[in-house]
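After this come two complexes, each holding chain A, first together with chain B and then together with chain C.
Showing the complex of A and B:
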């Protein structure tokens, strides 16, 4: 024991282990996120042989008209999509949370359908409808689907559920007392909407807009399938790297692609900070009363939106069973005989399932334990802050940029981790890191609902931390843990942009197979594979819902009063 | 003999010596020292932010001090992690494990070779009986009332026979009536078990009613350590006088401090005040008077130095009434049985005679 001089509280063995593990987590994030991104940044300032060239690549970028045009195209299509999606999603979410329209569970389920599908699926459905042989081609009045029209239509479908989900959360946390107070002060419905509802949802609206904008700018699948000759940033990166093998220019475009995403991320953070503490712990949940003048129009709107969503998914599914669109509409299973179209055949779906399952299994365990140590470990020093910072980054990094950073980093001859390139392991690592932030935040939210003194009580009772972790923390958080698992699996199954650079000859994921088959003109086979991905995700989600009830009864009995 | 051995010899169970705690540049505890005897019930009392909870957490090892020493039962525990110390703790939130029923919560710490299954189960039943919750043993915390949850937390903290019981605002989440009942229960239990206990509270009535001694804290320092009576009757500082118990206070000037009856002058009013003897002539002072020490009407006329005051308000508090008085710019509060109000004819703006016994005026230099 030190006597005088330096003053060091003794650290328990548990504390030391905790610090070691958190250090491991920091190293993991360093290797899987920070170093690859740093390497991407460095490559943007190098020539092909690795010499430092300063801003020469950037100058070349600005001077290349097609590249500058692609940036502008990305920006305005994203902005227009955001303008279309957010009001519609707000209305849909408002109907789900603030009205008494019937059939809410059905509308909620339909809303989630596109989340489970790869972004390519709505694009393929639009090809069936408005493509060169589309049934409703005439509605475009001579304009081609392949270009901004198709991109924006497909993005609206793809982004809608993401925005609606955020707005549902924002609108469901309302304090009924505010509405009673406003009504008691004789405010009319319009005034209440403008002064209570909208300010309460402001953070959610900004978040939703930011998420939609970022999704559109960084999505690769939709512009690849339906973008035609219309260049956007995401396809441009792919062209530079895969087409022209120009890794340095790819890095520059990647950094440009990072700009709007980082900007949107910072805007969202700013809005969140300003929002803080709107809903107090003593709030009384708002119970909307039936009012036909509001409920019926909302029901009509939701029915229309749900019908469109079902139409798009259903059309892709139907198309996948069609013998030869649009001339021979007889049904067949031939399109599901993937060996005819792609050498990997059904194997690519199996690869995707294995990748998603591993990412979900490893990721859920890793993310939850790291979040717990981060929140409750009471580790001294800068380590928790480093981990906290690193876990926030993936949200701002588009999958395509992360994939590009991985290819540059892990494929570099000097890198001892180079053996990972082209393996299933790198795909798993990439998916895990790409979707890290949302899962980390979900875990942190769940852990924060636990009394902050549980660990202190355990220590005073001489019970090791891991016992309290397994007896109390894990059972209480199990529903959130399952959510994280499903989120990781579903997203890893559907993602294209994160893995398009990283697969090897034996590890082609199903979503990449969709892109390849579409490229080869086999639309029906591509639709079949996209539907297969959707079905795997729907099956997992259904299993989750079926299990959630049992898990709830088993671990959450204490919630009953 | 070193500090620890000397403390044990003197029957002192816990010694806090020159403990300082800094959070960044903020000093939460500033060289705090105190001794607690074996079996004593000590309250840390003070307004929020005075450092009382920080001191409790330092003793528990949850927030180790930046400087100083803490010795418990002859063992230097300053640097020990919480798990290697000997204490039970009840938090303000109780921190009951919501997914475990009452039995599992109380028996949570009864594990390892020292507690075979049968022995642990018997101990749990004994504790449940001790806090009188036999019929609720299978319930989860959410199904218990606040007072019941508090008892479960107490039973859990005492399960392993800790040498020291720490209570962090244990009653502040409860209704007033439950609070009053539970604090007497806690005190009775503590006396029966003889466990040395520290309670943090901001409620002076709570501290006065249950403690052997009270530690009054302010801005990271100890203002006074004493029995409830000492703290109430002989506050060591103006802060303690104002914080503990209800008082009226006014500024005054010291007159004739060395005369047989030193006097305080506030405007035209001049009062005899024994305590002014410790101050110097002409010094600015602050005087505190407890409402129950103010004599009114005929009671006052018998006293030397009685003066006239105007009633500015009367508060009905049930058994007693509080009367607000104003005498030439000096505001006073008096308390008297509700029945006497009519007898004295105390309406608003009534004038009446007021007097305060010289030894009951608490006087401190005006800061």
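Showing the complex of A and C:
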């Protein structure tokens, strides 16, 4: 629990209610996450017929020669990706929040492109650029794209917006008074950066690094498509579960995959404990002043990054209009006539939109309220800690593992929730849980920027907590809430790995259709469906940006002096 | 007037509901190609009154994993169009309903389950084959291979892609075919020499042919039917059925044990072994289970059936783990792609 100062009210009805609600959240996470994973991970200690074998599977796995190699490969590609992404994302976020460079809304929108598209798009674009028939293959100097080079390039592209989003939030919450004080003390710019800016963003930097590292370790889509035979832990899961239907070994590797993520989580917790909420009720927003020596290089950097992102997406979009790469580059609209390739046709896109909208609506409300109770509920005992730990798990669980766990748990004959299986509802639940962690982090970050004094003052004025929540917390956090909604929606539109096990005859999502068309050799059609998903996401994001300006003016005016 | 309209609307709704209720909805899990789903469904629903087919289609590995994961509470009624190796794995877990479809005795003996009553029946054979990119081969001066042995030539160094047998059923089948046709020790020797020419072992069974079509490799080892869609789009690839013995897999049909619609499932499966159904399979595959069915698919060599090796599916399925371990020991430890 963050320290709320010296204010400790007696246990009231309100707090009992809060405890009850947090208990509800814990139950939800138990049913949607912990129990399914438990059902699967129990298999790690069983043989194929269900008998208990202790650690025999682990011993067998440790003895396979590929483990050490794939674990090492996972670690170093993830570490290198983190080292590449975080500084670049920090610079980009710094430019967006702390400079007066022109065109910020455009840069902010372009930054998100990678999360708006299924991961097939960057993979395709990289093949067009650096594959053996690629336009720029000379740049690789004879090295093959299919291996660590391809994996890292695609992961950098894919992880960049995740890191940039977290860092934007971290950097935007600065207290202008600190900078005024530093300037008054005649500190140089470098010194201010090192002693005010960096410490203020430390939590965000660590979170960003943790998120990127974990995403790379657990993602199997990119290594599968572009990694060639370069073995990583996530493809080991795929080999065991899909290649050999060996769920016991799949569970073992899934558990091993949790380790780096748990380590990263503990690091994050440790860092957060050392940093309290720093935007006090008296804080004033930092208003950067124009300074060309800073703004112009940042503008150049952001232009370069944005151009690269646009190039990758644009190339893949072009790929959706050509007949067949690289032999017949004439343009056609046929690839968008999805009925020719998939019996569901355009219908799967509609399924995806419904699923994503429901996941975003339910998920945003749930995640934000849980995060608020977690942060400000003042619930005593181990409950908040348990909830906090549970919210960190989804990031570390590969979608494939979560999907398999959902089958085993929700399809168990005695499970009273079994009616969900095969419906759209289970896809919604799965997507919501799968992307829980980052949303929770964003909500917590937004809430932490509010001084706990708000609640303390309300309490001493005998205003019920929920009134403070609806009158103060919600409006102030509205921008973050909208971000969470969009994040959930776009990710649910693009996700494949978990839902591929869970869709029913009438609920096949568009992202799964993309995979099917790619497998069937209809590569341009797969690109077209991926672009259709991208367009839905871009439309939502554009709507969000159009609204965000108004929301900002409406809810954030209090921060101005 | 309005009331009349409402009443007739209500009757209309009742009527369609009743009709829908008369038809039994069968959930059918399949790994058939997408373009086969609509004709198969239409033909089956026409021939078997009172059923409606709801497909769940995915790649072989995903569908098999789903079926096994759902074992405690099966959701599929029928499996129609899945690798016989998968069905044998399911049979090993006692997940198939024993039932000899009416007329199944007429099928080729190696295209049906040896049990009595049967647990599965075959539909058609698909073989491992070489996807050969003519344009890339011309650029790099590669000869056109006609046999597996041709792929061992030094000219093919780093030109061949094949699916990793541990990740993909296609990869396992390719390996199993070599073992069946060459014998075990010579097959490992062959794979060791082929390993020098392999550019990449892919995780996906379709990637070698798809990527060969895009010119990423000159040669991709895959299944014969993968190439049809690619050639239709204008990819410069040839599919070569090697002359020195090819392994094959069957697409097969079974009833899932525990189905709530056993009667309808039996009626559907009865039809799937009929000559009429086999001629439907013959629009896509050169060799089907029913010996009298006429196949109409194009572009297959006349002696296609003779090139298929004699393959003991049950024995190979039983040794799968052992063979994969040996494969991984020999070829999987090398991390860096070359």
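Some observations on this one:
Here, the second predicted complex is superposed on the first by the 369 of 561 C-alpha atoms of A that agree within 3 Å, B and C clash if a C-alpha of one lies under 4 Å from a C-alpha of the other, contacts with A are read in each partner's own complex, and residues count from 1 in each chain.
One rule holds in what follows: a contact is a pair of C-beta atoms (placed from the backbone, for glycine too) under 8 Å apart; a residue touches a chain by one contact, two chains touch by 3 or more.
Remember, it's a predicted structure, so these values are computed and weren't measured experimentally.
In the superposition on chain A, contact of A:310 is made with neither chain B nor chain C.
In the superposed model, A:146 makes contact with chain C only, not with chain B.
In the superposed pair of complexes, A:472 makes contact with chain B only, with no contact to chain C.
Looking at the superposition, the partner that touches the larger set of chain A residues, chain B or chain C, turns out to be C. In the superposition on chain A, contact of A:20 is made with neither chain B nor chain C. In the superposition on chain A, contact is made by A:454 with chain B only, not with chain C.
When the two structures are aligned on the shared chain, A:247 is found in touch with chain C, with no touch to chain B.
Legend: residue contacts after superposition of the two complexes on their common chain; A:520 is shown touching chain C, with no touch to chain B.
Taken together, the two complexes place no residue of chain A in contact with both chain B and chain C.
Taken together, the chain C residues at the contact with chain A in this complex read 27, 33-35, 37-38, 54-59, 61-62, 64-66, 68-70, 72-73, 75, 89, 135, 164, 166-169, 199-204, 206-207, 209-210, 213-217, 226-227, 229-230, 233-236, 320-321, 324, 328-329, 332-338.
On chain A, the positions that touch chain B within their shared complex are 1-2, 7-12, 14-15, 451, 453-454, 456-464, 467-468, 471-472, 475-476, 555-561. Looking at the complex, you find that chain A touches chain C at residues 64-66, 69, 73, 127, 131-133, 144, 146-147, 224-225, 228-231, 235, 238-239, 241-245, 247, 323-328, 341-343, 404, 407-408, 411-413, 418, 421-422, 500-501, 503-506, 512, 516-524.
Within the complex formed with chain A, the residues of chain B that make contact are 60-62, 64, 66-67, 76, 78-85, 87-89, 91, 93-101, 108-109, 111-112, 140-143, 156-157, 159-160, 162.
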